[in-house]
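In what follows, a structure is listed as structure tokens, so that the remarks can point back to it.
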Amino acid sequence: MGQQEPARLGVAMVGHSFMGAAHSHAWRTAPRFFDLPLTPARAVLVGRDAGRTREAASRLGWDESSTDWRTALERPDVDLVDICTPGDSHAEIALAALAAGKHVLCEKPLANSVAEAEAMTLAADDAARRGVLAMVGFTYRRVPAVQLARQLVAEGRVGEVRHVRVQYLQDWLVDPEAPLTWRLDRGRAGSGALGDIAAHAVDLAQFVTGELVTGVSGVLETFVRERPVATGGAGLTGVAGEGRGPVTVDDAAAFVARLSGGGLGVFEATRFALGRKNAIRLEVNGSRGSLAFDFEDMNVLHFYDGTDPVAIAGFRRIVVTEAEHAFVAAWWPPGHGLGYEHAFTHQVVDLVGSIAAGEQPRPSFRDGLVVQRVLDAVERSAEKGAWLDV
Amino acid sequence: MGQQEPARLGVAMVGHSFMGAAHSHAWRTAPRFFDLPLTPARAVLVGRDAGRTREAASRLGWDESSTDWRTALERPDVDLVDICTPGDSHAEIALAALAAGKHVLCEKPLANSVAEAEAMTLAADDAARRGVLAMVGFTYRRVPAVQLARQLVAEGRVGEVRHVRVQYLQDWLVDPEAPLTWRLDRGRAGSGALGDIAAHAVDLAQFVTGELVTGVSGVLETFVRERPVATGGAGLTGVAGEGRGPVTVDDAAAFVARLSGGGLGVFEATRFALGRKNAIRLEVNGSRGSLAFDFEDMNVLHFYDGTDPVAIAGFRRIVVTEAEHAFVAAWWPPGHGLGYEHAFTHQVVDLVGSIAAGEQPRPSFRDGLVVQRVLDAVERSAEKGAWLDV
Amino acid sequence: MGQQEPARLGVAMVGHSFMGAAHSHAWRTAPRFFDLPLTPARAVLVGRDAGRTREAASRLGWDESSTDWRTALERPDVDLVDICTPGDSHAEIALAALAAGKHVLCEKPLANSVAEAEAMTLAADDAARRGVLAMVGFTYRRVPAVQLARQLVAEGRVGEVRHVRVQYLQDWLVDPEAPLTWRLDRGRAGSGALGDIAAHAVDLAQFVTGELVTGVSGVLETFVRERPVATGGAGLTGVAGEGRGPVTVDDAAAFVARLSGGGLGVFEATRFALGRKNAIRLEVNGSRGSLAFDFEDMNVLHFYDGTDPVAIAGFRRIVVTEAEHAFVAAWWPPGHGLGYEHAFTHQVVDLVGSIAAGEQPRPSFRDGLVVQRVLDAVERSAEKGAWLDV
Amino acid sequence: MGQQEPARLGVAMVGHSFMGAAHSHAWRTAPRFFDLPLTPARAVLVGRDAGRTREAASRLGWDESSTDWRTALERPDVDLVDICTPGDSHAEIALAALAAGKHVLCEKPLANSVAEAEAMTLAADDAARRGVLAMVGFTYRRVPAVQLARQLVAEGRVGEVRHVRVQYLQDWLVDPEAPLTWRLDRGRAGSGALGDIAAHAVDLAQFVTGELVTGVSGVLETFVRERPVATGGAGLTGVAGEGRGPVTVDDAAAFVARLSGGGLGVFEATRFALGRKNAIRLEVNGSRGSLAFDFEDMNVLHFYDGTDPVAIAGFRRIVVTEAEHAFVAAWWPPGHGLGYEHAFTHQVVDLVGSIAAGEQPRPSFRDGLVVQRVLDAVERSAEKGAWLDV
């Protein structure tokens, strides 16, 4: 801890369910384990329902609550707006926040359409010139094992990338009676597995390899086309109410792709992989080494070093809990694994560091736009039955 | 063992390298562990070089050797012709054998073109009416864990199939100096990873699910386009000679697919997955259960039973070495795993059983043709950049 | 959250390095995710060095700091004393706290000797009659997968326990130049791997099986008998200073055991298992089922149900992240794994619940004493080369 | 294959159930895949029942059958006697064979008592001086992954051995109605899990580390003390008949040990580890590297290289199917795994090689005696409740 008290960074957060809880934990926890150059202050939590928002603010540790995000983001004691709402409101809130001169952390997907994402990116570029910074929340980038994967590629230990295969597998919609939450409503969510989890798959592939997806050919499917309407109920899955309604998004998406470096990509995202809860599997095969990661065992990275003598070469199961690994020194001794929410804490650490340094945090809105364009190409490819360049 | 000595089944085998050694072992071994209704006699081994074929016949346990497959298949003491040559000679030998009234076991892929495969299938159908039977060698079907996978689907324990993902990953071409064997020559092999290993992937997917691939969109790639010419040298990889030549087949293939039951398929086959030696990974997600298999751990099937209470549900690591599992009772006690060549022995067991019973062995030439059509659609899809129905 | 604000539970914590950081996180975090019947207030942090303690209090989120634990535990705004110091001071602090009518949470091992542990247990029993409660911190009990293991045994799904094997494997002393921290000093730590990690192994075995270790035969070893003296440096391993000193504790311990239900136990604890960072492996084989757990994959429990049909029986890889699993509903959706520190948060949840209900929290000091007696028997058995009843 | 036909090695084998089938396969198969300096001839199979032995000879591929082992081993066309009977007849047959000037391959355990094993070792030493060679069948030594483990230790890549832990886990006696076969009869089998499978555990530990077990402290247990008498029925488990009888051997054995190099050993062998079929798990931790092996995944060795940079160090999952690995070049391409019986084939290869070269094959009878002495010490230690030096 420095001699002088770091300056305050006032935060307003919009949304307080799943992502809101995760972000709150990160804002609370980051300064307890890391030396931050600015001290985050949880100034105000914004939600739609006054009572529930007040209760959430108390439980999650925010000083105040509000139901008016526009007013909140104009408060002089707010320096940053953290957007944890469904995708249909990202653009409006983010644009207003940037216009008001506030830094922005926006959950993924950046927006529900490429057009919105483009507008947001332009606004972010413009704001950056004024020292106002924006970041999109592809949180999985900050799992230490993923950081190590990227580092190994960047150091050349994987060589030329030949193959990237990413599967994001969940199973919470297998039950045809699982209710019709906002995540299954095209108007709110933009798309289904594609925008929600394939977005992570694409971002991870591009982040780890340092390459871009340049073309795709894909297929989307909705296996269960009608579901019980959801009533209240927080959480990912909601609670079934009366009546039924149409599912207007994809349950699953799959696509083959080409990468900018000449390799092939295979992507799959689904909420129907029975038995796979949140399995984000990434595998990279290069001319010199290979990598494999599965979020179901998130503290481990598998690395095959093709330069090892063949008789003793094998995928190394690296337990990514050493002080040498990104972010880990701040936590526990080797072998004491981290969990899901740590990546959010790391996100806060990096974001606060970038703001203090006046540097563009990554993933930027532009990084989010790039992912959005890939998803859009997949959607159009699936409609047309044709390969599409991104 | 029955009271009466079973009748003799004279076998002529063409080809004596990798597949020839595996088939020879199977013909020798099957009657030692299984009660066969016919006793295979290894009558004659056919090859191109007289000296090497004679030596191979001695080492592999064949009574005679020959360099003339046409004569061999007309011998009255030959009842079955086992074709272990590269794909460009399959059609000619198989057609001649069937015409001569000999049963045929033909290694996969059935042929190098759909046209050849169609002709072979017609000939096989015709021969079947005369009691002459033909089978194609998709050997992996007869790994006990794969048999169990099919059985679980057939029993309804997986429910409606939502997803099939199959990866066949090898790495023997990662080295750009790996030589240009016949497997990299379009004239001999027909295609590369596509016909050699994606063929297995497609057959396994169809076999296990009992469904057909109905449409595909794919991509092929050749990462290393020129290699040292191969000299002599047996084995998969050969030995590099002088001079270089063009690789005329694909190094890797990937495609998304639709299945006849409404599910999605994702397929990948490559010889460039560094660190993966012969990893055939099959995963099926259904409405009621899921399955996962990896040939790198071939005695194991993972099964998730979606009807288990959620608190104690999990992928079961079934060690498929119980007497209750297909073929296993003939071998060892539980936990004493089988190896690669056992599937060939099981293939002989089933083939001899079918011949004795006068029943069509599976996979039939028609099964091989169905796979061939999928591969052909993938190839054309990759050329056109478009979805193609099979 | 209830309508009425829960009453305050003032906490004084002694010690602020590894365990202090973990406990602080738990006190901060528990009320954010769980509905607690009392609201913990981090009143005062106690350490030896005024400056470092003040700094730690600020970083870890305590209202005040102090260098005088005796005064701290007598404060009227302190209801509970949390002891995170080395084992040599546990007894003194705990006895004083109980005498002062404060609840106590004491890190394991309960004490450095059986005599001390007995005195503490008597004091705790006495205090309990006055409504003052004491708990020892065998935190791993509160990993959800361990809770599930215990539940499965308790429900009879494992049947009669035949075998328990527990290994606690670390490798932070493999390097002979790793410094001589207090953990290698018999005066401070009491013993080495035995008291530090075999203690966990014994407690886990007893907790999961619900049985007691009734006899042991063991061996201890110190592989590196002299090390560089440690200088300052926090963390598990410290920093090497000048000069060398003797290691006065065991590096590794191993023992066979009998359990009260007639089964056999095999225990091993070591800081010399190169490549194993914090691998706590527990396996239980019963007449009806088996369990396997490894802390290196802490969100998973493997369960073999011996009543499954043999053809589809296998160890189930249960991802213990369902709302049905202990503590999990308060956190994230399925598949979003927890980390090391979550068990500390769960410990706070249970402890606060017990205090509010006026019920004995477990593990009690008596549970700690029982473990201590096993460790003592192992130590004497190793000296005498004889089986000893506990 | 050499130019000149290798000389003949006539074999007589006694016993034709589980081990007999495995040995027969090895004698048949070795010359098909390996260039042997002598050509094994399966001259005569000896059993107790004339009819069943004749049938077995036909099925397993032996030229003749006999019910008189004494006559068989005196035949001039017999050069080697392969003993696959229960342990109570090993000494008698082996001594007679050596006396008759025949080489001997004797299944483990070498004998049912140390006294017998000593007599056999003396006889073998004596015979060796006359060029007559004897080997004991600790077959698991010749699994390629185990060979690699030994090689890595021998090359110094593991450093000083600190820990060896070996578990041999089976579950075929969990059912209390499993019948009372000869393996549960002290008179026939000598002991239970101890001699049958702990023998392998001890031999593997000593083989891989190159060290000896110098002292032990152990415990034995018989969980089910009465079982249905077995009737006919081949195989490991037999078939239950009428009536019940006492189990006179141990169901499970566990012991801690010291190794000649200063390390600690922990051993466990049981037939009551529900869900573990034939799990032979070996782990070695050294000052420089660690090894892990599990026969349930027999083509894999895990190796941790402590000299790797810590950030990328991890247990390497080496798929031991490369041409560089022992015995593998004779089989299949990389990734095409071997099975249980391959180790028997490798045993024949090495034995025939040693005989042709006139060199002592390993494991020798003396190696078998060393194991026997360890097992004997474990048994006495368990009786006395005391540490015993070997």
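Lettered A, B, C and D in written order, each chain numbered from 1.
Throughout what follows, a contact is a pair of C-beta atoms (placed from the backbone, for glycine too) under 8 Å apart; a residue touches a chain by one contact, two chains touch by 3 or more.
According to UniProt, the chain labels map to these proteins: A, B, C, D = Putative dehydrogenase.
Quick caveat, the model's predicted, so the values are computed rather than measured.
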item	value
Set of chains whose contacts include both chain D (Putative dehydrogenase) and chain A (Putative dehydrogenase)	B, C
Farthest chain (mean CA position) relative to chain D (Putative dehydrogenase)	A
Angle of the C-alpha superposing rotation, chain C (Putative dehydrogenase) to chain D (Putative dehydrogenase), to the nearest 5 degrees	180
For chain A (Putative dehydrogenase) paired with chain B (Putative dehydrogenase), centre-to-centre distance based on mean C-alpha positions, whole Å	42
Intercentroid distance (Cα basis), chain C (Putative dehydrogenase) paired with chain A (Putative dehydrogenase), Å	35
Contacts with 2+ other chains: residues of chain A (Putative dehydrogenase)	276, 300, 313-315, 319
Chain A (Putative dehydrogenase) - residues contacting chain B (Putative dehydrogenase), complex	162-163, 165, 167, 169, 171, 174, 217-219, 221, 223, 252, 254-256, 258, 262, 264, 266, 268, 270, 272-276, 285-290, 304, 306, 313-315, 385-387
For the chain C (Putative dehydrogenase) and chain B (Putative dehydrogenase) complex, residues of the former touching the latter	148, 152, 157, 301-303, 305, 308-319, 322, 324-325
Of all residues in chain D (Putative dehydrogenase), those that touch chain B (Putative dehydrogenase) in their complex	1, 18, 21-22, 24-25, 28-29, 31-33, 55, 58-61, 170, 172, 235-237, 276-279, 295-299, 319, 321, 331-342
